[in-house]
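Going by the order they are written in, the chains are A, B, C and D; count residues from 1 in each one.
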Amino acid sequence: MRWLIPCAIALTALSGVAGLVPARRARQGELLAVGLLVLGAALGLAGSVVGFVAPDALRIDLPWSLPGARLLVRGDALSSMFLAPLFFVAAAGAVYGLSYWPVREHPRDARGVRLYYGITVAGLATLLCAANAVLFLVGWELMALGAFMLVGTEHERAEVRGASLVYLVSTRAGTLCLFGFFALLYAVTGSLDFDLGAVPGRASATELHGLFILALGGFGLKAGLMPLHVWLPGAHANAPSHVSALMSGVLIKMGVSGLVRATAFFPSPPLWWGAALVGCGIVSGILGVAYALGQHDLKRLLAYHSVENIGIIALGLGLALVGRSLGAPALVGLGLAGALLHVWNHGLFKALLFLSAGAVVHATGTREIDALGGLGKRMPKTALAFLVGSVAICGLPPLNGFVSELLVYLGLFEAAASPDAPAWLTGALGAPALALIGALAVACFVKVYGVVFLGEPRSAKVDEAHEVDKLMTGPMAALGAACALIGLAPALVMPVLARAAHTWAPELAEEVGPVASLAWLSLANGLLLGLGLVAAAWLAWRARAAATVRDVPTWDCGYAAPTPRMQYTASSFAATLVGFFAFALRPARFRPELVGPFPQRGTLFTSLPDVVLGRLILPAFALIGPLLARLRKLTQGSVHAYLLYMLVAVVAALLGWR
Amino acid sequence: MSALASPLLVVVLLINLFLLGTSRVRAAITGAAAQGVLLGVLALVIDDALSGSHIAVAAGAIVLKGIAFPALLARAIRDLAVRREIEPLIGLVPSLLIGAIGTAASLLFASSLPLAPAHEGSLVVPGALATVFTGFMLLTTRRKAITQVVGYLVLENGLFIMGLGLLEAMPFLVEVGILLDLFVGIFVMGIIINHMRREFGSIDTERLTSLRE
Amino acid sequence: MVLAALILVPLGLALVALLWPAARQRPWLLPLGGVAHLVLSIAAVAGRPAQLTPWLGLDPIARLLLVAVSVLFLSTSLYAPGYLALKPGRDQRVFTACLLALLGMISAILAAQHLGLMWVALEACTLTTAPLLYFHRNARSLEALWKYLLVGSVGIAIAFLGTLFLAYSALHAGLTPSLVLSDLVGDAPRLSRPWLHSGFVLLFIGYGTKMGLAPMHTWKPDAYGEASGLVGTLLAGGVSSAAFLAILRFHKILVAAGDGAFGRQIMLVAGLLSIAVAAAFMARLRDFKRLLAYSSVEHMGILVLGVGIGGSATLGAMLHLVNNALVKGVLFLAAGNIHRVYGSKRAAAPEGLTPMPHEGERGGAADGADPADRPPPSATSPALASSAPVSGLLRRLPWSGALFLLGVLAVTGSPPFGTFVSELTIVRGAFATGHGAAGIAFLALLFAVFVGMGSTVLAMVQGPAPSTLPAERRDTVLTIAPVVALLACVLGLGLYLPAGLQTAFAEAAAWLEGP
Amino acid sequence: MHYVVHVLLVLALPPLLLGIVNRVKALFAGRRGPPVLQLYFDLAKLAQKSTVQSRTTSFVFRAGPVVALATTACAAMLVPFGAHKAPLSFGGDLLFFAYLFALGRFFTVAAALDTGSAFEGMGGAREVTFGALAEPALFFGLLVLTRLGGAVRFAVVLGPGLADHWVEAAPSLVLVAVSLFVVLLSETCRVPFDDPNTHLELTMIHEVMVLDHGGPALGMILYGAAMKLFVLAAVVVGVALPASSGNPWLDWLLFLGGMLGCTVLVGVVESIMARLKLVAVPKLLVTACLLSAVGLVLLVR
């Protein structure tokens, strides 16, 4: 029993090794590898279930000879909360990878992808159940480095190289912040083990601030909170799609889990922690979706939506922190439950979206939204999967996205109704912001779904696209079903959430959250579906009764010969909304020079490069480089100068230190 | 501590200034040789009691510092047809000034260090420091490899003076160690200078600047 | 006796190598010496602290270092025959002999309890290294050698002056001056402070030159840049560590004198300075061997910083001493393989951290044609002419490339490598002992270093491989297996410390801190 | 019993509202105008017609009207009419209500894009753009109401308690009522946001999205639009006129009166105002948002 999760970790870690077989046995090899990984994932899921019902059953505590280290494994409800989606999505992605990235299509790197995939999953699981800083950091870095190798899979392309370097550098920045965080924690508590609520008694104010800032830096970087998201779009866009699914669905949540764990140490955190998280959440949410609106690259767009959803999660977590500072358990329960449930939901529907996007890329060979179109007829299953994902990610009923956002909303309205200023400010800013985020998400996903799957194909390659095989549609179906299940019967997950929230804030009651109203919500969803079915049935009946003509062109207001190129493009669709946010997004427009009555043929090209990366960080690097280069004048190879430095050192030290 | 020591040390200091001021390679080498011989004599007179190690060290110093190395360097000049002028990176007058300042500074610095009763009022420590400083000056301001070697020689002379202060206290092995090591050091440098001439056609170390970022 | 053997056996073998007629078997004297040395050092460490003469003996740090250096040399010596086989027509006789002599001298430094003897041994190291550096016999290696020798000898001279000061401090206190460590430690409280302090400063700078601490590090990039991987390994892993031990022995005297704070203050500043200088010079540095040199400067700084912080950071420094020695082997040997196959020490231009036009759009990343891409100075020397910048290692040299990448990750302190544990322990110590600012600065500098190394190394391992390279140049078992072994050691130290090692490290830290 | 009335009203009344609006406009224009029941006749006619669908379209195109109608009907079940409870009421039904319309918008626009026509794409873009701006206004309004009521459900915020709040919090409630009315106009695509009877596709929002629909589907769309007007008007009336006499039947009359008033108001606005330039629309929506925000601030200070 207690070795369930360690076994799962070992299996997943080694699964890829089975794939390292000579080319002619490659298929068997990768089947075996994926089989092992799925087996490990099954064990892990079982383990996470155990974690919910009997947390102590998973506890392992062995000595470890490294300084400050202990093999302290803990599978409490919080860990399980993150372990469950990890293993589910990982298994789905692995199966999908069998026909998305097989050795026969990618002889050079498919084995590597499978190997690093397993290692990444193992690292994720390790860090989730680790209760000692050293063990945690080992898992953390296994995850980070495995993911780095995965991002760099197609490193012959310059874009991929750039993305993987940015990813590597920023993940290291995060890891170093965590070094600082744990070191400071050790200085305060005298131990590298995570024992809840041990800190604040001994911590000074500066130490508290330092701890939170370091945690926010380290975990926020991984989570992709604005403005720490710089690595995220490139990495998600350039990794193989099932890897993007794992990264966006699970990996970035490790930042969230870290923040949840770190804040759990402090029973009464300073108020500004929650405020800061709420602020980051709102900014990430709004700007994330605004960036997504302006993207031309299907996967980059989805990546920015990860930033948005992390923002929503941060909003919920921040609300919970504010509630904890003010001693308002209702806010704590609703905010945390909403955040944690959104972790699940985003894991499911974002993985679903990336897998179906991957299917599109696999079938058409392009990620360029404005080059696609009309795929709904050619890849119906993929289209349906993407539709489900879109509705879910927009937080629309009757799917799961709405449930978690509902919980966050209820918390925010609760806060808005409270007398003290921090609380009602949180609510008054958070709720409309969340509404705006939702509406923008609708705009964005209508755009994507419409332009990619509806209308007419915009290029020949797209015209002859075909549906992908079962190994790819199967995982999508599983994820979609999970979305629908949580959406239609949210009351089922409430006990789990309550358990997790209780682990985070023991002062909370064992069952938190409006279970009753969630049951009503299921009823309302049922009513919605019923009405929809009635209306659909009536329409179908009428259509049968009266003749329906199908083979006519779209009525284009009298224009005789419409062509696919005349369809509304994604860029134009989003232009107005992007314009509203131009002050923050700085969109780039390259418009042709039109002169004379009969101007030359020209093309308009708009793009939305990332402001933080493109206008802040890269210029900073570009600035520092030459400065340091000037420093090099000190070592221009003259041995006399070298000896002079020694003389100066001697004199300075002798005069300085006696 | 015999009365002869301090005058000798004064002469050593004067030779330092001469080394800084001279414009001729050969003169510099001769100066270094003279300094070596002086140090040998100094080793004999530094302590009242004359022990075997004193004689050994003195002999070693005179033979190596006073004769062998200067001869080696002189031959190098002849074989390598080195131009006779020292080409300093800073003018001779400035280097003289800096040398004088350095000597003064080392006197001051030494005065801040408490002396053992045996050496009260002696110039051993300041002389050593000043000579080391002079060696450093020669190393950092002289273009030719040969003159840099001379600088290294002078630097070692400074150490030697410091060592004399502890001659009776220091085990024999270390003294021999210095001389041996000095010998090997100069020897290897000589070899390199040879190669250098072959590789670059000159021993002007200012040209050795291809290794850089 | 064992200790004497540790020094004399390699020297004897060096003599044999000089006299050995056949060039084909000669390199195999190195593994022989390596095995013998490992056996002897294990015997020496396992045996009770042998203090047969007051002059030779092993203090706890020396025990650690002795085994580490022995392992390092063994793996290097296994690498050597394969390496020399690929370098026909070079003077293997002197090379082999000098390698063995170097091993003997390093052991002498470690075993010396007499500070004068230690000094002599260190100087002898400098001189035995000279022919090794000049192995390639071209102008660049000659220049490197000249700088190495001049700076090194001056440093050694300063160290000698410091030793004399130390002795004088005893003389002034009216004690019979002795340079035997135990005596000095015993009399430490009575030593004359002014002499002790200035002596320590001089010794720190002198031996710091051999260690390669900034600003005395200037010889390092040149020497390591021109040295073969073998020599770089022994210099960075062996000689530098030995010089560090030398400094620690004097620090111990300070601590015994109750002046530990004085030494720590100096080390704190010097350590941060060295890391900062290394970080600054690593930025956009495309010559990967010089990059490794600066990395060595950085890690010497980390060692000194750890001791300077004190407290539990000292233990971290001890761990880091061993880890760094081993990982340097991985890096330099792998880099040697790469250099041999590509004939270039220059990495391709990195992608990603330079501003790119509408980033991410239409796959339009910067094409990496940056102005700094002019032909490197190395192209002037005939051996390296017409050499493409290094890229695509993972495709062209999967083994060496992967090992180099892993080595860089290890040297930058990524979990689960041993360096991670040591660096984390140092940071912990910094915060726990109230050096929070130093801790933060240390982390920031580590990041800067990582950016510098990471961007260059990624440009090397990733990307398309140049098609111009002759196909017969590839990895061989002899040039890979030792590197793998070393990497395994580093990884092992990051995952598990056997009880024996654990106590050994603890003793080392205690020896340095305690009375 | 009253639930049955509720459902009947929702099913029967909406087309009448549009008739009233048109009649008001006609009166202002000095015409007799079409009969008040005209929309009923149109719906009956459309239900009989056969349909023509572009070959480009897929099932999404047919799902558009269905979902739009279903969501509106479902929303109608959440809103209390006057003093009468809604059939379906639970904590958070306000939010469910708001998101139902978002769902409807999603599928309407998707259906428009399914035709691949540039004009309908244009209309869809405008729909989602203005919808996104209307959302915060709506939520600020809801915040005010919930802060007054104390729970996030219609039954509480529009309940009898509201009447008392009108006493102490009149200013904010007025502001909220106004901004909700503006939201109503934009959500139902009335003047000044959109002109239901314009014939220039370039300037339309809602009408252009449904260009390709015909027959029963078009009927559903018209019916759905009318019902949307009805539901939102019910909310506005609930806020503006929370009075309740003791007698339930009297309350029904009160409610119908309020609805009539609201409808006439819509008609008047359409008659006396011109349609705004598209670029000016966001300004109006932001203004509405600010109104209710100010309402909130007035409440908490």
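Operating definition for what follows: contacts are C-beta pairs under 8 Å (C-beta built on N, C-alpha and C of every residue); 3 or more make two chains touch, one makes a residue touch a chain.
The structure displayed is predicted, hence computed values, not measured ones.
Which chains contact both chain C and chain D?
A chain counts here if it touches both chain C and chain D, which gives A.
Compute the shortest path length in steps from chain B to chain D over the network of touching chains.
Graph distance in the chain contact network comes out at 2.
Looking at chain pairs B-C and A-C, which one is connected by more C-beta pairs in contact?
Most C-beta pairs in contact, of the two: A-C.
Compute the centre of every chain as the mean of its C-alpha atoms, then state which one is farthest from the centre of chain A.
Farthest by centroid: B.
Per the centroid of Cα atoms for each chain, what is the distance between chain B and chain C, given in Å?
Each chain's C-alpha centroid was found; their separation is 32 Å.
Rounded to the nearest whole Å, what is the centre-to-centre distance of chain A and chain C, using the mean of the C-alpha atoms as each centre?
A distance of 42 Å separates the two centres.
How many angstrom lie between the CA centroids of chain A and chain D, rounded to a whole number?
36
Distance-wise, how many Å sit between the C-alpha centres of chain A and chain B, to the nearest whole number?
Chain centres of chain A and chain B, defined by C-alpha means, are spaced 69 Å apart.
Pull out every residue in chain A that's touching 2 or more other chains.
Expected reply: 632, 635, 637, 639, 643, 646, 654, 658.
Touching two or more other chains, which residues of chain B qualify?
112, 136, 139, 205, 208, 210-213
If two chains touch, include that pair; go through all of them.
Touching chain pairs, listed by label, are A-B, A-C, A-D, B-C.
Taking the touch rule as given, give the residues of chain A at its contact with chain B in the complex, in rising order.
Interface residues on the chain A side: 632, 635-640, 643-644, 646-647, 654, 658.
Taking the complex as given, what residues does chain D use to touch chain A?
Where chain D meets chain A, its residues are 47-58, 60, 62-63, 65-67, 69-71, 73-74, 77-78, 88-93, 95-96, 98-100, 102-103, 105-106, 109-110, 112-122, 124-126, 128-129, 131-136, 138-140, 142-143, 146-147, 150, 152, 201, 211-212, 215-217, 220, 282, 289, 293, 296, 300.
In their complex, what parts of chain C are in touch with chain B?
Where chain C meets chain B, its residues are 114, 116-117, 119-120, 123-124, 127, 130, 134, 138-140, 142-147, 149-150, 153-154, 156-157, 160-161, 164-165, 167-168, 170-172, 174, 176-177, 179, 192, 194-195, 198, 221-222, 225-226, 281, 285, 287, 290, 377, 380.
Of all residues in chain C, which touch chain A in the complex?
143, 146-147, 150-151, 154-155, 158, 194, 197-198, 201-202, 204-205, 209, 215-216, 218-219, 221-222, 262, 265-266, 280-281, 283-284, 312, 315-316, 319, 350-356, 358-368, 392, 394-395, 409, 412, 414-416, 420-421, 423-425, 427-428, 430-432, 436, 439-440, 443, 446-447, 450-451, 454-455, 458-459, 462-464, 494-499, 502
What residues of chain B sit close enough to touch chain A in their complex?
89, 109, 112, 136, 139-141, 205-206, 208-213
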